[in-house]
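Okay, got some structures for you below.
The following pair of complexes shares a single chain, chain A, combined with chain B in the former and chain C in the latter.
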Partner chain A sequence: MSSLSEAKAEQPSILHTVQKAAADFGLPRVIILTTFIMLFVLAGIFNMNLPSFFGDVLRRWGMWGILVLAMVPSIQSGIGPNFGITVGILGGMLGAVLSIEMRSAGVFDFITNATMFGISTAMAAIVLGVFFASIMGALYGMLLNRVKGSEMAVSVYVGFSALAIFNIVWALIPVRTSTLILPATGSGLRQMINLTDDFGGAFDGLFRFQIGDMTVRLGLLSVFFVCCLLMWLFMRSRLGMMMSAAGSNPAYARASGINVDRMRILGTTISTALGAVGIIIYAQSFGFLQMYNAPQFYGFTVVASVLIGGATVKRARIFDVLLGAFLFNGILTIALPLANVMMPDVPGVPEMLRLIITNGIILYALSKAKGGR
Partner chain B sequence: MQSEYVLELSNIRKAYGENVVLNGVSLAVKPGEIHALLGENGAGKSTLMNILFGMTMIHETGGYEGTVKISGEEVSFTSPNDALSAGIGMVHQEFMLIPGFTITENIKLGREDTLPTVLSHLFGKSLERLDHAKMDSDARKSLDAIGMGIEEHTRIMGLPVGYMQFVEIAREIDKLGIKLLVFDEPTAVLTESEASQLLDVMKSIADKGIAIIFISHRLSEIMTAAHGMTVLRDGELVATKPVVETSVTEIAELMVGRSIDNLGIAQEETFAGKPVALSIRDLHVDMPGEAVRGVTFDVHEGEIFGIGGMAGQGKVGVANGISGLFPADGSVEVFGERLDLLKLGDALDKGLAFVSEDRRGVGLLLEESIAHNIMFRVMATRQDFLSSFGFAKLLDAGKMNKHAQDMVELLDIRCHGYRQKVGTLSGGNQQKVCLAAALTMKPRLLIVSEPTRGIDIGAKELILNYLTKLRKEEGLTVIMISSELAELRSLCDRVAIVSDGKIVSILSPNASDAEYGLAMSAIAPADPDNEKGGVQ
Partner chain C sequence: MTQDVFYNKVREIFFENKVVIMFAVICLFAFYHSGMTTTMFFNELFTRFGRNTFMVLSLLIPVVAGLGLNFGIVLGAMAAQIAMFLIVLWGGSGLLGIFWVALLATPIAIVFGYLVGRMFNSMKGSEMIGGMVTALFADGFYQFLFLFVFGGVIPIAATRLMIPTGVGVLNAINIGDSPNYMRQVIDNVSMLEILNVSFIAAIAFTAGMLIYKLAKKQPITLRGEGGFSKILLFLVPLTLAYIASFVIMPFLFFLYQDRLNGLVGVRLGAVTLALYNIYQIVQSKFVLKQETTPVRYYIYLGVAALLYAITLNTIIYSGLEHVGVPVFTYLLIAGLCFFIKWFMNTRLGQNMRTAGQNRAVATAAGINVDRTRVIAMIMSTLLASYGQIIMLQNFGVMSTYGSHTQVGLYAIAALLVGGATVSRASVKHAIMGVLLFHSLFILAPFASANLMGSALIGEYFRFFAANGVIAIALVMHAWQRTTKRKAVTA
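Here is the complex of A and B:
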């Protein structure tokens, strides 16, 4: 009798522990992780080339990683997920265009080694991109300080507006390089700029090796990991810790003598600068620089990625970036060929899946943002 | 035959969990009587009124014991609407008026007089039209009753604060069959002349046979207006008396007097000859709800200086102003150095540490570990707890953890280890973390605001003992702000009582209960010099 009641008393406690563990890990992460594994198993059942897929997942992980990492400083400094990462991406695109002009003007001609040539042009694009993005990021941060409480909505529109302004810039910018110019009109930039002569594959080609059918682009991943490491170190510096405190509890930060507004501008600037780095790394892997409206919804993709990784709109860790970027891209990479095999007559399934995951996860995070903890 | 009392509360007992907030409280009010309800913050006045009005939170927390009788009939209200329909009204401290509506519309809100229309015959009462003529004349009657000559069509927006208060009253007496009105600190936001006008209005309402419960901590008002009075202290009934049989001094004593024996009274020690640690001249602080309007005092080195007073009178504002958290004006010198009140963090730089009364809001990073919280402010202001790492300076986790472990042991912070997030700690332990963080600053002057609010007895004792120990062993100067007079008197060398943003008097811990009570009610003790002057 007594043992029975003891067993009864114990049962809910075990259930409770399991529930608590699940809650800590987060329902969306559980769902996404299960979907990922399920897709992987399905791909195996359909006799598809799993190692090759996995190589692609790794590649897309590296491509998107730095853009996702850009969410960390913005979330930590208190402005929330940076939907306006487009601003940084535009800065990076401007840097890339200038780097290409420099290359065609012969600035890099003294470098004879092809690998070094690629990396140098990429670095030039990154330095210039970070420069422009930092200026725009600081202004953007000042704007966000004036709209406290509705940063997320404002950042979406800042991204859209900046994109429209830069569309004019792209159409009017006077360039001489033939790979940049739109052939039909003879002026203005192309939609897709081929980077073969510039930094296309600059890091992807570095330390690249095969394991069976799986290609590992160690150069690309190294760049991503180094950025993550630097960000992790920054978060442990005095400035980084002060920035996090300003985001996590502004009143506390003020009482510690920290200028909260300045920390928010710092966070926005770093995030925007990382956006510039991120798009150049993305473009070199893709082989093309996509201009005009191409980056319009990148903000949503990267915000969704970091949220899947377990970040909230108030707290984000480097681990969330690594996990989130991997899961999000993993699902999309495998879903595409799988959908072609399973539903050959229905077009655009992966795109639907992408929209559902992206917007669903953002919606989930926003619904948790208020009244939660 | 009806009961002679409009309201009879008998043996009311209410507990939140194990915390008894009211015990055996009785209160009886006759028609036409103005009955004062007195007590310090937390004495149980609000809870008693919540029970009377059947507020839902009372029932959600397990109800109450005892009986409530209205005109001799036992009732048990389960919602404020029940109370309203039984003829009980409340004049709120914060105005519940709609600024864009006229006075009439506000008075009649929810109880509009209507006339039938064609549509209302078809679709029901909600489509009847307003009977403006009747509403206006009713409103006029109520306004006249309280001697308010203002046009009833005036909008609330832009009216002086005093008038809004009167509109509130007019609305209550317009209700049919109103028997009892509760005035909750009605004079708190009024000027002196408005306040005396209000007292006249209360008297004239009472003359019409309506009973009034008058909650105020301005004892002089109670002496002029009230007939009877009831004093609560720590949830217990202390006294019920006709006002004519008592005096301001006696009421003050009743409100404050408490079992001081539990805590004892500090040894009086004089610091007058010692160097000045903190010198404040004409400090004004613009802190909402805790405004400070011209405070001047000196604190000597090694002294524990207390600041007390009722909530909302500005005692908390003093600390927040000095720390630079709210806009402040005036001169503050710390050990002879002038503080720049507008420069963020200047107080921290000059060796002043502040333990905020708002632990969770200002005092802590709830999502961070105990260790992180303890080291953060020193790290941010003095660049301590950092070690060089190539060209960058990064967090020295080893040093942070070691120091945190020391602090956890020293202050007996009950936790699973210094890595636990402070958000998951109990209030008392959070307070200890705040204190540990402040001490890590190695301050020369420590300001602690409400250090024992909402924490358990054990933690309370430990924190108070530790403050005394610090003063004794390290000569730390402490300013302690607290709502608990007994606590201040057990610890401090001098206690300043603040009322209405100003210091009423600075008392010795040995001063009588009456002196404290009077000071809390903003009645300064007779100054001996003045008295001499008066005689001449």
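Here is the complex of A and C:
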């Protein structure tokens, strides 16, 4: 019997190889890829404007991309998928609010070119946002060092708590700009802040061109790609290598003289700072900054995105970010108009799909990560 | 006891109850600034206690079984709402209607609990994040069921329940009007009905026991194993009360009520607590002749006396005087408390405790850990579905897409406010937690309106309190676990 099984192991059949490749690729990813292709085919059958859709997919890809990219340093440094990206998002929101206040105070008045004006206000928001997010991220990283093994559950509720604290901040923060203030009460911030006078479309409008019905916002995508490239370079730097080593094998890393806890704090801080950048890029494309509880579940969305791309809770590559963000947003972008045509009576189909895909993929990753231990 | 030991003991008690003390201080502060009258406050608090406690108690079993805080109770709530919708559709009404809802919710909740339990077994150590994600995942399917399957796949004729297009269920389902009058039907069960039913049940049970013993030719004894003294302990007072309900007119009028006056209720509770503990002390001193009587009986006796003393205060007195406590709902909650206490001492309950403390030891002792965990999840989900039914009937309206979503957050936060942790929770924590957490819920908007000029801040604050207390509990748990692990490896 044993010799027979040995012989089998020596000569892997083609079928076996295919099966192994499929298992590596993962069942959910197969499902999602087929769903994506199927939706596109369906959209074609229903005679919908595919190029225009594809333009929207590209746009949402750029909108969410940097937030998804923020998962790479956190997963690689060993804290796992960062559900608490909300902390970084809040930092970014604070930066944006301050940038808007600066604009209305006339700080940017010396810039006369409209495009440059938008980009300057956006950059101010990003710099301020990254500043606040880095401080909060470092503190958050120190906290996560004390809860090794339960980072995910902790990070969800740390994110929610931070959101709740900032709700109070948003309601009490003294601001003077009319686009910020809630008109009904005359104090506190609005639910949705219009960014037309500020950095709304700052990068979207840059290098924007049409191919038929497809709009390509090259400015937006360039920002995303530049961030990916920087992250790729960082991951190949000495520091990035050390961080990945600390994440993948802490005991070995410690033995080779790497300060694992410090690397984890570094990963969390970078991830959180990227969250701040991400939300500003998102808001400038959306045209509005959504305050209060709006970003409560963004953490789940971005974690699911990177997992769809092929990451696990232990390892994430830039490629996973690119693929995951594209597939996830692709499905959701096409689902809405398609549902309107196919099931006009049913409201909220994209919301259902979003809930099922997001949380289904996270559950799958969780059950794979710690199976039966 | 020397001064030092006493000091340490006090510090220990203070430290053990730090969360409770902190929230009690916040609540007192909020009450002082809220400007609410005690009448308003107590009315609201007693209502909320009846509405929420059952749900919070459903969290206890998974904590003991080592699954942590069960964020998956949301699925129990979903089971209840699916059952509620179907029974409303089929024309259920009144207490019988609620009974059918509970009966239909049972198999659905068992299936949900089983599935979640199986899934949790494949992600041991990440059950809590798993539970949070599962709740959202299931919500997607729940929305699919209510927005598309009902009306879209299964044709539904009752247009009063559906969105005008005919596909999908309305946002709010009214169960407070005919033909589905189920609003507060559990709360409205009168004491007379409770007495009559329990009297008949007790008679039937005694008769059954007698017939069984006669058929088996066993001796009918008063004392010892299978003796009738314990049965008589229930039967005699019930019979007396039953007879009294025919003879004494004021007693009958009293029993006709379905709400107990708050003042009477609290005093009755204090007296019962005192009598129970006096019974225990007498039992331990004179019957069992133990050398040392546990101190906790004396403490509880003190608590009972204090509770009674508080009701003599004019402000509290006037507040409680106008509160109506729904008797049957409170009896159900009390029943569940006793059930959980009893269950934890059964063999299965003990197995759960062992599996919760150390899975390796439990497996070595021959306990099927995975099966025990699944059972714990099934029980929790089932109890949560009953809890949701109690909540829905109290509201009298079901928010189809919203009633279940926050259930996990608020129940878990309440339990933690009562001093529970991820690995340790009891009935006491649940009761204390509901009282404190919901006091905060009632008071925070009023207090913030007076202090900050906007009730909204109070709403944000209670949202923060709910999430913050969970975050802190999770951090504390993980922190202790890592330090323990370090201590073991060192």
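Everything that follows uses one rule, which is that the second predicted complex is superposed on the first by the 358 of 373 C-alpha atoms of A that agree within 3 Å, B and C clash if a C-alpha of one lies under 4 Å from a C-alpha of the other, contacts with A are read in each partner's own complex, and residues count from 1 in each chain.
Going forward, a residue touches a chain if its C-beta (ideal position, glycine included) is under 8 Å from a C-beta of that chain, and two chains touch if they have at least 3 such contacts.
Treat the numbers as computed from the prediction; the structure is a model and nothing was measured.
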> Would chain B and chain C fit next to each other on chain A once aligned, or clash?
Replying inline: fit
> Given the touch rule stated above, what does A:Ile356 touch, chain B (first), chain C (second), both, or neither?
Replying inline: second
>> For A:Leu366 in the superposed arrangement: first (chain B), second (chain C), both or neither?
In response: second
> Put simply, what angle do chain B and chain C open at chain A, by C-alpha centres, to the nearest 10°?
Replying inline: 70
> What is the contact status of A:Gln210 with respect to chain B (first) and chain C (second): first, second, both, or neither?
Replying inline: neither
> Which partner, chain B or chain C, touches the larger number of chain A residues?
Replying inline: C
> Thinking of the overlay built on chain A, is A:Ala164 touched by chain B (first), by chain C (second), by both, or by neither?
Replying inline: second
>> Once chain A of both complexes is superposed, is A:Ser256 in touch with chain B (first), chain C (second), both, or neither?
In response: first
> Taking the superposition as given, does A:Thr196 touch the first partner, chain B, the second, chain C, both, or neither?
Replying inline: neither
> Given the touch rule stated above, what does A:Lys148 touch, chain B (first), chain C (second), both, or neither?
Replying inline: second
> For the overlay built on chain A, what is the smallest gap between any CA atom of chain B and any CA atom of chain C, in Å?
Replying inline: 5
> Just which bits of chain A does chain B share with chain C as contact spots?
Replying inline: none
> Where on chain A does chain C make contact in their complex?
Replying inline: 83, 143, 146-150, 152-154, 156-158, 160-161, 163-165, 167-168, 171-172, 185, 188, 297, 300, 343, 345-349, 351-356, 358-360, 362-363, 366-367, 369-373
> Which bits of chain A are touching chain B when the two form their complex?
Replying inline: 233, 236-238, 241-242, 245, 248-249, 251-252, 254-259, 315
>> Can you tell me which positions in chain B touch chain A when the two form their complex?
In response: 323-325, 344-346, 348-349, 354, 356, 358, 361-368, 376-377, 379-381, 383, 386, 389, 392-395
>> Can you tell me which positions in chain C touch chain A when the two form their complex?
In response: 119, 121-126, 128-130, 132-134, 136-137, 139-141, 143-144, 147-148, 152, 163, 165-168, 452, 454, 456-457, 460-461, 463-464, 467-468, 470-471, 474-475, 477-479, 481-482
